[in-house]
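The first chain written gets the first letter, and so on, giving A, B and C; residue counts start at 1 in each chain.
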Amino acid sequence: MAASSYASPAEKGWYYLHRFICGVVLLFLIAPILIVIPLSFNSIPFFTYPMPGLSLRWYQEIFTNDVWTSGLRNSLFIGFSASLVATVLGTLAALGLSRPNFPWRPVVMSVLMAPLIVPVIITAVAAYFFYADLGLLNTFTGLILAHATMATPVVVVTVVATLAGYDHSLTRAAAGLGAAPITAFFKVTLPLILPGMISGALFAFFTSFGETVVTLFVAGPEQTTLPKVMFSGMREQISPSIIAAATVLVVFAVVALITVELLRRRSERLRGIR
Amino acid sequence: MALTMGSMSGSTVQLPLRTKLQRVERRRKLRAFALVLPLLLFILITFVLPLSRMMRSAIHDDTLSLLMPRTTAALRDWDGKELPEERVYDALAKDLKRAWMEKTVGKVSLRVNYELPGAASQVKSSARKLSGLSGGPYKAALIGISPLWGERDVWGVLKRGGSSYTGFYLLRSIDFEYNANSRIVASPGEKAIFRDVFLRTLMISITVTAATLLLGFPVAYLLAKLPPSTSNLLMIVVLLPFWVSVLLLTTAWVVLLQDNGVINGILMSLHILSEPAKLLYSRFGTVLAMTHIQLPFTLLPIYSVMKSISPSHVRAARSLGAGPFYAFWKVYFPQTLPGIAAGCLLTFILCLGYYITPALVGGPGDQMISNFVAAYTNQQLNWGMASALGAILLTATLLLYIVFNKLVGADRIKIG
Amino acid sequence: MRIGSIIARAVGVAGVSVSALLSAQPVSAADQLTIVSWGGNFQDSQRKAFFEPYASATGTKVTEDSWNGEQAKIRAMVETNTVTWDVVVGGSMGQLCADGMLETIDWNKLGLDPEKFNGREDCAVPANAAANIIAYDKDKLPSGPKTIADFFDLKKFPGKRGLNSRPIVNLEWALIADGVPIGEVYKVLSTPEGVDRAFKKLDTIKKEAVWWTSGAQQAQLLADGQVVMTSAWNGRIFDAVKNSGKHFAIMWDAQILGYDYWVIPKGTARLDEAYKFIAFASSPEAQAEMAALIPYAPGNQDAVALVDAETRSNLPSNPEHMANALIYDEAFWADHQDELTQRFSAWMAN
């Protein structure tokens, strides 16, 4: 929409003011990330512009220092395991929830969504006490379970959204043509919801990958993840290697964001929405 | 579907169609529910159960009844008016001696210190000195060792400790406590800190919610009006902070707000400031960073509601003679209210539980309730206080969540 | 609750077996050791002097973590039977020892002569002695503070001060600045009036206080210009001068000298390995190596002879630095830590 030629001067004024405000807000959203990223290439450990020189030394540090590399390894392993658990459980649940005659939907849904809403510190402290009782504190199992719990809602939401456009007559058609329910699921339903599942799994992975607070409480030194390394580093002194690690994570996030967007388009095309 | 129904009716006794349909319906419901059951159980065990355990520890504490069994039993029928008799001191001496031997006196003294600040070292040194004492009478001896045992306060604490349940932690969380007669009274000034903290949490959450609405509404409007090709591009800008974890965004703000950081650098090179402003470890910095992080959460629900508003309504109003602002305010804006409610409520709920950002960007005076929960859990090991503060925060959140469900519905939560 | 916890336990066990299958890094208990220390350049020095030589000498994989002396963490681990820290470096461990949270040190098993370790405790082997001092930036404050009273004097030295976010050292300094003779600090602090007096003195600089939680923040606060002076550990400041070219200076008046200890949380699965490591790190050679990296006085007296003269002049034990020094009282803090920490936290938050 452009300012129409027959708009009054006041309207035109508002139009440009509105555009200006939006520009400022969008800048506010993106600028902190864009300003900080170049500082990770600073040759000296300070955080102001102009930078005296460029260097990859902080990246070299995070990819060679044992603390960072084992943090990355743990994050990947825990993120992968947690998103696996969350995706399997979440997709099953989404399939059930999307059936037209699912009973008590609002109540069940609000229980399943609760991990998104409950303050993360409460989740962390509760998990800390609970896993301590069970002897699962400072173990991979405890951390994976805790992360999976926090990641299931995003899987449910994403897969349910994919299923919202799902035409149930396709399954019935498969059944009518003699396919067993299992066959129908793998041949018809799964290919159609796969993009949603992958998006959900990605979301779940990133939930775990970026999770800091529960990790601080439930993880022991052998489960130290990347965010935990960053958080303890920040409490001490913020070094450029923390920003380098943050940059790597932002790049990860952008790639994932684009992947999800492409998947969403593909899924819409498959279901004939577009 | 007809096929399944037909085969079923062949194998069973003829039933009225109504009953058969009901059965099929029930079976379908069960099948749908069975798919959700694994996740539901998983959430109940790994999430709901831990939360209820935490809620319970807000009122459950059996430290004293377990570690000081004789004393708490002997105090059962103490009326609290005078100092207890020798019999109770004798029980105390036995309990303390045992606690000293079993190295549990630290726990006892810590528990007493929660209610009587400054008593921990008295309890400990009393236990140490008692361990060298062979026999009674103990009343005079104990009062001689420490004046603590000559006052009624400590006996009130021990008497109340006879019950495994205590209201102490919840009372403390709202700045009340028991006095020597086990009456509930307001905590004295230096201990009454939590109402301030709750109020601060509330104020920060309201400010951030209002700021995100103010900043988010115009952008949501723009995105809803733009053609999809442009709006999708701008949407990435909105979604990026949403995707990047809170920790990363907070890191960015720490770097920006430092005394020698980017913002102060710019302001000083433009000669707006002559010396760096105190932005990091300040309320302003905390609210600024939280507003940035929460902006997409407020913006997106408003945007999705705006997308569903038909432009013909405003056009109709305009053609009926309404001015552009009148048409916007009277016709368009009211239709965005559900989105505003959803976005603001979501942001407000999430703000109440902020931890990382106040911890890294705020100063000691900007710590929110979550930071106290964390400090009590990790640094002070006062799990009762952590649970009590947590229980209050959780209850407030859940109440708002119910409102959110009534207003919006949990199944309407969207991501990305 | 009970049935719930049984179910949860069953799920937990199932989870354990699943994750055992999934786990990419199966590590047996023996060839692995988790050591927790103060972080920053202190831990960097320890890595060079102790962790890496030990790892290459024995083939043990050393996992490191850092903490800020939150003793609750050890307590929680021991009480919930989930001890994952095998060796911990920290100060003032008397209370944890009294509460049965730490292994009692068996000096025979360690194979060391206890007489060489001044300041040893039942559960703790002295690793080194560090001085709590006041540091300032000479570039910004050419004539810095001369006495601890200057640190509390906002008129003479306006501006922010960096302070430890825990009561230790702060309360002692407050009393000394308020005129309590150094020999009577702990006697005064044992009385309720003395504690009130210390807090009252701290009140006078509270609005100018910037609280640090970890040692690495000390030099950072000065470098960023966030504070005009800060309480600090001498090694951290020394390192900032040596490695970052900063012109920081140390004021040694009323330095508070305290030990860092090696301790072993009770219930670790790697007890023998932990002893082996502490013995290794307590040898005179390793200790001298450490002192050369960061100027803290060695815990093992035999190491002092191996330290070169220049390093020795930087140590807190240099007689010039000891002119008006207070020795940190372990016994006092073992008794009063809980109550003073609680009061201090409430005071800070208020």
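Observations, loosely collected:
One rule holds in what follows: contacts are C-beta pairs under 8 Å (C-beta built on N, C-alpha and C of every residue); 3 or more make two chains touch, one makes a residue touch a chain.
Keep in mind it's a predicted model, so treat the numbers as computed, not measured.
Ranked by separation of Cα centres from subunit B, the top chain is C. Ranked by the number of C-beta pairs in contact, the top chain pair here is A-B.
Among the chains present, the centre nearest to the common Cα mean is that of B.
For the pair subunit A and subunit C, the distance between mean C-alpha positions equals 38 Å. Measuring from the averaged C-alpha position of subunit A to that of subunit B gives a distance of 22 Å. Subunit B and subunit C have centres, each the mean of its CA atoms, that are 32 Å apart. Those residues of subunit A in touch with two or more other chains are numbered 130, 133, 145, 235.
Residue positions of subunit C with contacts to 2 or more other chains are 8, 76. Residues of subunit B in contact with two or more other chains: 46, 49, 53, 258, 260, 377-378.
Note for the complex: subunit C touches subunit A at residues 5, 8-9, 12, 15-16, 18-19, 22-24, 27, 34, 36, 39-40, 63-66, 68, 76-77, 80-82, 84-85, 213-217, 219-220.
By the touch rule above, subunit C contacts subunit B in their complex via residues 1, 4, 7-8, 11, 70, 72-73, 75-76, 95, 98-100, 190, 192, 195, 210-211, 224-226, 335-336, 338-339, 341-343, 345-350.
Subunit A meets subunit C in the complex at residues 67, 70, 73, 77, 81, 130, 132-141, 144-145, 220-222, 224, 232, 235-237. Residues 1, 7-8, 11, 14, 18-19, 21-22, 25-26, 28-30, 32-33, 35-36, 39, 46-49, 89-90, 92-93, 95-97, 99, 101-103, 105-106, 108-131, 133, 145-146, 148-149, 152-154, 156-158, 160-161, 172, 175-176, 199, 203, 206, 209-213, 217, 227, 230-231, 234-235, 238, 242-243, 246, 249-250, 253-254, 256-257, 260-261 of subunit A touch subunit B in their complex. By the touch criterion given at the top, residues 45-46, 49, 52-53, 56, 102-107, 109-110, 113-114, 117-121, 124-125, 190-191, 193, 196-197, 258-260, 276, 280-281, 364, 367, 372, 375, 377-381 of subunit B touch subunit C in their complex.
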